[in-house]
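After this come two complexes, each holding subunit A, first together with subunit B and then together with subunit C.
Up next is the complex of A and B:
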């Protein structure tokens, strides 16, 4: 194979397909929303006169593209502001997982058979038996459940959440890195590097981890970021352990409009609840009460964000293939 | 003692170690929690330290008498009551997800041979939606009644699909079938006109069990969410309530129970593999091969 054909083949591998474009598009969108969220204050009700207050559950208009929520706050602004709840804590989760799992996995894989590696493997096995959501709920409940002012502790709680989600992902990332390092430590180029007198640390850090594991780590951190969005929105929806109101999260926006939407739905909840007419009646009620966008906007935002970061993970999985 | 027995013993010891160390970790969290009622009660009335309290918890766990919860009801009774509601959800959702994925692969073929790209995309898209959102939509759109069969059926369907469960299991089975179809013995069986179905089923059983065991921790997390959303009073609902009410003894018991469940599912797969897979044979030094 000539050098030019090798270059062409590599260039073809680097070309982005629709999945990669979608993934990077969502990432750019999330970064843009995070920057926009710094300039947005979505709870301007305090200090306003009665006549300045917006009507609750208003439908969409030119002034308020997504309408208002159950307390008359602009839904679009709250949707943008809610990105703050998961963006930096999600990156913190990735950082925690990468900082612990990559060295742990690398040591367990490179010095396979040593006592230290056996202990690390035992730790990874133990953490993998802890269900992520159960771990998060238990620890957050224990350490922040007795806080008197949850809003003041929201930031701490989010980063605690990030740390725990990162911790719970260590077995997956650590296991993948360990497996990869185990595979490469027997390769000829590693033997050659050893024969040239390169230290184990240099071989491991540069020739194995950087050259052959970085796409694997990126792939797993993207998946972890998606998992964090899932955990944060789930807990914020359930209340108690996620983002406390009035601070917005896509999860608590959904929870906020739930009561009015369920109420409007319950008007139709008669014997024909499961029939198409009953279903459509519920949707119609929800539109009239302005709650449909309050349901649809966060639902779509959560699904698209998770799909986007998983598409990015798929992009790195493709780059990772030798 | 034979090497196979030693390997079985090693797997059981790993399971015991995971449960034991997990109970120490979560016990320590409960003990040193701010304002922990366990520490205050044990210190003031029983003059116990952390290890004494943990020892009495372990003894209670073995005797299945953990004492009263925050509400005065025995913890072991609450555990049984919750498990009766939650275990069927976990098992049936797993069966539905694995069975549905198998059926989908059987109908559509594997990724390499599939002519149903839209159906596959639809499966992935629905599965991307979080469990709480699916539960929310079930409540908002379909007005799932607060108690009864519909609620349990909705929970099973949502657990089988949401949080990427269906996609992960579907892709796992897809990969396994794809690899299996490419094996030499399958090619030769086809060339000889022998039906490959029974052979495939036999070789797929263990990978399927492994895929299901790997997803156990996720399903248990999903159970916590869906029981809270739909108001099913199972283990997840009780755990969430115990956390909110600082009923730390019940919380610790539930945490140890779900950790044991996840570890036991892995132990089950390991033992079945050891018993059935001829590739997993102990070598001279007692190391597992395969």
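Up next is the complex of A and C:
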């Protein structure tokens, strides 16, 4: 086999499958939306005097592609603006988890058997004993109760949420890293590197963490990012602990229009829903009424985003197998 | 004339009993080795004789515990006037091999080339890491130039393409050449090659051993070659040590082993016969593995397998009992040749 044929062979192995394409597509989409959100401000329409109030729950039109919500705000703008609620706090969660878990796991794995490693391992176990959602809700509740104007502190609360979700993910990531490091510590190439005089720091950082744990860490941070989207939107949907209105979040957009869902269901039921034409009429009415899109848009957005980052995690999991 | 780069004095290495027995088992018993500067020394013995354990213990590569329990080992790298302690039994020393030696003082070529390369790093980067051990503060371009130089030195075709490959894309022979390049790039005074030809086919074996010999001669580097095969070491060895069950049963210069002369240890003869048989394609002499060594303390380590005891010739018929009970003394057929055997020492 010639060298060039080996080259093409490797590139064939590295080709991206549909899962990877989907994952990266969603990632690029999210980044795009986050950038767009910087230029979008959807909230002032709440108590406006200077502009004409839009009809609430209006159907889609060329001016408002997704229609309006229950207070007459443009749904598309709010959907875009809502990316702000989880994007940077989600990255913050990943950062917190990676910055604490990777060194902890690496040290616990590499100097396995030493006292320091035992202490670190104990810490990881201790964190893992906390139930994630309860921890998040309790800490956020304490925080919200202790500031005078919770709405003004919303941004801080989101990052607090991110930090907490990141912390709660540390045992999982730290455990995975430490297991991997333990495995590679005994490999002959690590012994060879050590024998040749490469320092422990360099072996750990370069040979083990960079070369052999990179994809593992990326994979876990992608999963964590998806978990954070889920936590943020769930809490925002439930109210109180997530994004406080009037700031939009996919969760509270969904919560806001949920009453109209019931309404549009009754509209659908009133028409002759058994004939295809009647059914379509009901759906049309629901679309015209805004309710259906108000429900579908955040639901699909949440589902696609989480599926996308999990696809990215899968992409790295495939790369991870040595 | 004696200018050793590394020497040991009565070195004992013990490991914990894998079967959970109480006291650690001695796997190297009182080894005295001297590696002459610029010479090729070969350590020969069958699998499990303790060759690798000895080398690893000497050079501080993790593995055996409790490790060195008695004796000392010293190194005298190029340019140093006094020997530097490598390992010793004192607690202060243990696990602190190479305390004042420069990193990369010794280079290693391991048994399985594919295991001694990081599977997820490009070959060029791995050689580059060794280059930076020898020379810190090089620019990336300078490192790359040296990497290509070393890949060329080990006769890899098209070094630029090879540097971009990952280890799994290399053949066994190429991988071993890369491993040698990695060891050489630290510019060591001493190169240790532990069975570098295992897992390679016959034609490649010869190439690798020749390459090692040629490199060491060209650079004035000392070489310690560990092998189980006399055929492999035959044309490059300057000095040989034969090891059996942790004991160095014979050592001497090349002529003592490959030229007809006064006696050599029966174990050496067995190994040589085995190698010859393999090369000629005939079946090697059968091993009497069912025979267990009696006790580890007294007697010759080879007594349970020694053909001179199993099938004694008339003049040696009285030897068997003494071989099993008396520790054989060192016999010196010439000043630099040592054989630890009663029968060789008392020609009848």
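What we mean here is this: the second predicted complex is superposed on the first by the 279 of 322 C-alpha atoms of A that agree within 3 Å, B and C clash if a C-alpha of one lies under 4 Å from a C-alpha of the other, contacts with A are read in each partner's own complex, and residues count from 1 in each chain.
Note that contacts are C-beta pairs under 8 Å (C-beta built on N, C-alpha and C of every residue); 3 or more make two chains touch, one makes a residue touch a chain.
Since the structure is predicted, the reported quantities are computational estimates derived from the model, not experimental observations.
Once the two complexes are laid over each other on the shared chain, residue contacts for A:191 go to subunit C alone; subunit B is not touched.
Between subunit B and subunit C, the partner in contact with more residues of subunit A is B.
In the superposition on chain A, A:114 makes contact with neither subunit B nor subunit C.
Once the two complexes are laid over each other on the shared chain, residue contacts for A:61 go to neither subunit B nor subunit C. Of the two partner chains placed by superposition, only subunit C is touched by A:202; subunit B is not. In the superposed model, A:211 lies in contact with subunit C only, and not with subunit B. Contacts of A:234 after superposition on the shared chain: subunit B is touched, whereas subunit C is not.
Applying the stated contact rule after C-alpha superposition, one finds that A:133 touches subunit B and leaves subunit C untouched. The contact sets of subunit A with subunit B and with subunit C never meet. Residues of subunit C that touch subunit A in their complex: 59-62, 98, 102-108, 110, 112, 115-121, 129-130, 133, 158, 161-162, 165-166, 169, 179, 182-183, 186. Across the complex, subunit C is touched by residues 3, 6, 9-10, 187-189, 191-199, 202, 206-207, 211-212, 322 of subunit A. By the touch rule above, subunit A contacts subunit B in their complex via residues 122, 125-126, 128-134, 137-139, 141-143, 145-146, 230, 233-234, 237-238, 240-241, 251, 254, 258, 261-262, 265-266, 268-269, 273-274, 279, 282-283, 286, 295, 299, 302-303, 306-307, 310. Residues 14, 17-18, 21-22, 26, 29-30, 33-35, 125, 128-133, 136-137, 139-143, 163-164, 217-218, 220-222, 224-225, 228-229, 239-240, 243-244, 246, 248, 251, 254-255, 258-259, 262-263, 266 of subunit B are the ones touching subunit A in the complex.
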